[in-house]
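We just call them A, B, C and D in the order they show up, numbering each chain from 1.
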């Protein structure tokens, strides 16, 4: 069989959640690295079956959140004590109690920015073009079908062998996808 | 080993570069816009250098500069009142009834003097609205004319030299010393306190320290 | 947006309005015409300065071309128009002050007029003048706006038709006047003035009266009639009956420890109010040092200012005053006072329900012989005045607390005699000098009809008013600020009336008019000088200058009568005086009173006065029939209902008027203020109130046997307190809350002060929280740093609620008028308001008491308004003032919500712009030192920060950091006739008066438990009740 | 199959009370149901509603235009009552805007799976309500053209906002809340938009594709996605509580009797949840009926929401009572007077309307029959929202019209502009909501699928699971 140059990889379709779960366990155990599972919804525990590491998003959120909060308090301190100290209701220039709400809100704001944009960044989204979008069957991934895609650049990849392995794992349909 | 049916994706490949481009471009654009607004919408840009044409080609360079007339000769109320009043036509005619009495450039002045109709000078230094500025206190505190008006004595046609914005006022009100000169040097536009090494605190002629207001009602009422 | 910016950018109203002026060509035309070429006196009359006006017109013309040339980022170009020749003593932007005098509410006092570049902007009292001592009443303040009245007469009228097409015409004025003079000469020259009559107000002007004498020598048979709301005919008759010919009474309240007013209002609207108030106040202020205070008894049918501040008030109908006084006489006699037997005999016949009250008063009077005074209202009949004089004399008060002075006025006849003559057909020519009899004459005279019987009627008036249009000929009158004149006060002090501005329209002053009718074409300046040259010895010019400078002529005119009255004469007065049924009957009595806002109607077209809340009713823009809650309940009348007042004497008169239920009115009495419902087409006066004159019969302003019935329909009355509440007892429940539950106004007795000098015990009931506990703040205060710390005290014990401060503030601070509709929405803009609280039981009028409390921004140190402003538009100044930067305000109104005193005012619309649209001339009154506020911003009392800043500049130039005591005087403080308001520098350890006052035990902060530490504090009101009557008071 | 309840599977058992998805729905049938509104030809009913809503929006525009032209005076406000309908409407809408995030965030954190089929619509409602709310503080200022001074922007005046002002806290709180809710909502939408993308053709495919950001259900994405979603929920929870707390600070931190009350924050939050859920019920009943979602939005959802309304309604009632008690107990005459005048004064009618709608009527939910009767649910929820509007009106206006100095007592009457603006805001709200239900998935497809039994990867044999776990 000829190894197509512009091959992206192999795409295997599975009918149910349990099916892909078990399939993933196997692919994981076979030591594939450049592969992925595609599901219409987050299948419970699949990351274990795929052997993925925990997400880094929380760290981004933490950092951003702290920046927001401290930045907020700093801004208010600077404005009220450095930029233009004004006597307001005879309150102290740095009335930190009154500055808590804004500090909190800014913390939350930047924190959630961290969560969303951090997630998109890690996921390399938006990515409007993807080789898998060339497959018609793949449109079902957002409906009720489950897929495993193994990329050609995976060292263990071999168009025939991998396809075969996947169909043995219970794939109802296996196809090759170009870049 | 079948190939499966193919569809052409909605978006071509290159669209994947857009996010990166935006991620890098957007901040740049944002920053430059902010900087642009910061500069071009500020009085530094909008007001400084405003040099309207005056009905009479009066040259401060000639009168105040070369002939060295004292500012207060014409702007006589500057020490007593909030306004440094534009001199009445009769002040001009005080000299120009003899000097240059026939000059066509002074035609308008003579007409005004006869008809009693004032000359319509165009206002150059326009403070922000609602700001009350009092010349007398500034002059009496020894703020040199040049601090706000620039080197009028070098201007053929008077133009605005400083932003006259609130922020600009506050700079001096927070730290007046650099702009203070001896009382008798107030109208000496070339006097540079830094060069002369003048220290207001040490000036025996000053009866009191200069502590300009920074609270709202100092200027806004 | 651009337009928004333009309108809000125009900080100095004065200039901005000129743009608008420039856009109305006819107005420009008028203004250009204000300046007759070559007005001779310009050079010698300071202040009358035509060039500044040319400047203004030039300026406006310049602006006209520019108003459209905007839109770029850069501000629109502005032009500066310097003087052509700067007047001697003028410095641009610096106010000039001119001493003058004026007659307001029947009282003459000295004035100090403020003028900017030739525009009079404010009228204040002349401190060195004995009758004003620096203070004025509200009317004087309002005259600063009056001169810019949009509807003032601008041209000669013939049979009510204007003789000029729009453009006022000076020449026409002169020629018409000459023609009139010629006609008079033709018709009456031969007959020596047979059928020639002059009608004028009681203006004590030497020049005018001199000319009048001249007139009468030219026309010996001519008659003079005086018609004036303030004319005290009955008092004159009474005095005459004792042999004091052509005299009037002058009171010295500074000498009186006991004052008894019978239907008199010496502190409100009657006579020399300003001086009386000053003097009365001295006897109240003594409470702090000497622990003594005068005692004030008032018997009256409805609350007057005097009644409100009284220690004892008896609710008594005007018609019963005479009896009450007789009964008092009996009481006095029984205590050994020597009064004619006939009087006592007569007095024994009357039965009065108020014996206890009168007994107590009698005792007080006897105890204070020579230190007491009985005052009788001008509307009381002659015999009552005579009786009062007799008692005063017997009490040895004459010459001490009151003196009889000869009146400068000529012997003249009252209006009804003139009318009789007219109806007989004896009057061919009638000359009316600045009087409006067609409106103000009693209904039974039907003067309007009579006037038609006169062949030639010539009228001089400030407005083309009801009389002006009815007369054959009408001449526009110059304002007092526009022409020369002179006036003599009731104490005899003479003063020169000095013009501050050229007449805005070609017009005549009284003297020019009268002289003109004798063919004398001299102007007022020459006439006045001529008059005074006669009476001057030595260098006239120097003394003239001194008079102008001082604002008065040293040495008084006219003399006092020292002779004691022959009391026996009193008997004749009382002869044939049957017992009047009034005192007992339950029939309704009608009481017509002069209005505290529009007086007799002459201020009806003055927007400030129309919007000024009445001291007691708080009613604006209208008058109403005042009825006591009890009577109203009995008649089923609620506030706002229409009632019909029928009065049947020889004629029947009916008035349909809105009712206003207010405590303090006597039972079975309906009170109608005069001066409203005017029929001349003033743009301000039109549609305000109801004409009370249609119920006026004869000379007396009270009539018995009126029929008051509720009729269908209601009417919206705009009050500034209890907005639109029609509940009978509502206002006293409010009072209860304020005075009793909340301790807002604190009222104590002299006895209490004596018993508890520190007042700690006495104040306990007012303190919701122990003052010592206030200072516990969660944070350390950020103290304001400057050497000047401003503060104010308001002495409730002195305040008579005269409203002068409200108008003065309006004049000083360019406060907009909002109109009736918006007052109804409670959007009035006054920076200082006078709260009035009633206490007592609405069903027993005698138990009702009221108290005034002027309320303005208190400049709290921990101001609740500041912390809530999201843009820091209102923050604290280093001198302890609560500043507001109008152009920073975005108008969230949060500060107003959070202000416990509710003293912040919001510009819901562009009020100032609307005001100028209504009348561009108003802009000329604006104070150039104060920003004119625009739509969408909050405003409030600033402690007259413009004056503070002016003073600071001067003291700094002088080299002082501390501003001297007295260098800053707020507008309200300056005008206050009782010096109730004191303002000053708390940081001035040496001679700060306000600091001293704040140390008094009477000093308290309203809502002190909120720990706002307001810089404006109040001195508690002290009443001095007679122990014998203690029970009847509310304490 | 063991039915014994252990900590491990407790949650499952709780959830098995009654199924969250009824009938014999499969993954694709769920997709179909939810996609129907997007794919069906627009129903007439939708068009009618939309036109009505649109005209309402027109009214809003006109009212605001007139307001800007003339000034705030066109409202009934005065110098004593400086705030009335403007801020009442603001608080009202912010309150409504709470249920969404609450359902999404808090119920999500508490693993209340029944939320899945209503949270999407609720979030949408939140965002639209907050948009309506944001209008009012914007337009109530006297000079809108300088309202940007509320933000700390460097300027030549060297002036900055006053961070001590609760109004400024509001600006930050509400705008943050709006931003975060929108992000939360959008993140939730991504997979479902992808679903629509893959179902639709042509321009729609392009637009959906654009917003799907190229989602391909990759589980490496799901991993970060779920984490991010969880964190957003965790952040939104304190946020949603803080927002109404801060709104209540507008009043609580002021001086006025009737405003200055420490009970406000919890009481406002309870009220917000109260009104929010009422609005969700109203909207869901309609959507469910129009788009035949009976199998996804079940009676159990409504019943749960009714219970929450009952709870929060009672909390609000407790707060009312407590206010009176404190007013009396404090011995503060101002406080006492204001509450007496609330119940007996000129605005008593408003007060009793509030009590009836908020405290008395919701008590009907104790009865299961009423709780489960859609008509009853709908009507009572409407009453609740009327009552909650009046609550804000009572707090704001009655407190302002009887303040410390009796001389400054006044009465407030709304003008027709007040009324038009309020009605108009509903126009805006429904315009947005109708567009939403027409073009976006009103039920979170992916999430619903997760709670279906088929979603369980170990659904068929447990033994295998044990092995899998052993790895």
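What we mean here is this: contacts are C-beta pairs under 8 Å (C-beta built on N, C-alpha and C of every residue); 3 or more make two chains touch, one makes a residue touch a chain.
Because the structure is a prediction, the values reported are computed rather than measured.
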Farthest chain (mean CA position) relative to subunit C: A
Which of B-D and A-D has more C-beta contact pairs: A-D
Intercentroid distance (Cα basis), subunit D paired with subunit A, Å: 29
Rounded Å distance between subunit B and subunit D, as computed from the means of their C-alpha atoms: 53
Distance from the mean Cα position of subunit C to that of subunit A, given in whole angstrom: 81
Geometric centre distance via CA averages, subunit B-subunit A, whole Å: 57
Set of subunit D residues in contact with two or more other chains: 157-162, 164, 168, 197, 209, 214
Junction residues of subunit A - those touching two or more other chains: 84, 86-89, 91, 95, 98, 125-130, 133, 139
Residues of subunit C touching at least two other chains: 8, 864, 867, 872, 875-878, 888
Subunit C-touching residues of subunit A, taken from the complex the two chains share: 86-93, 95, 98
Contact set on subunit D toward subunit B in their complex: 154-159, 197, 205-206, 209, 214
Interfacial residue positions of subunit C with respect to subunit A in the complex: 779-784, 861-864, 866-867, 872, 875-878
Contact footprint of subunit B on subunit C as seen in their complex: 8-11, 51, 54-55, 58, 62, 73-75, 77-86, 91-94, 875-879, 881, 883-888, 929-931, 942, 945-946, 948-949, 953, 956-961
Touch list for subunit B against partner subunit A, complex: 1-16, 18-19, 170, 215
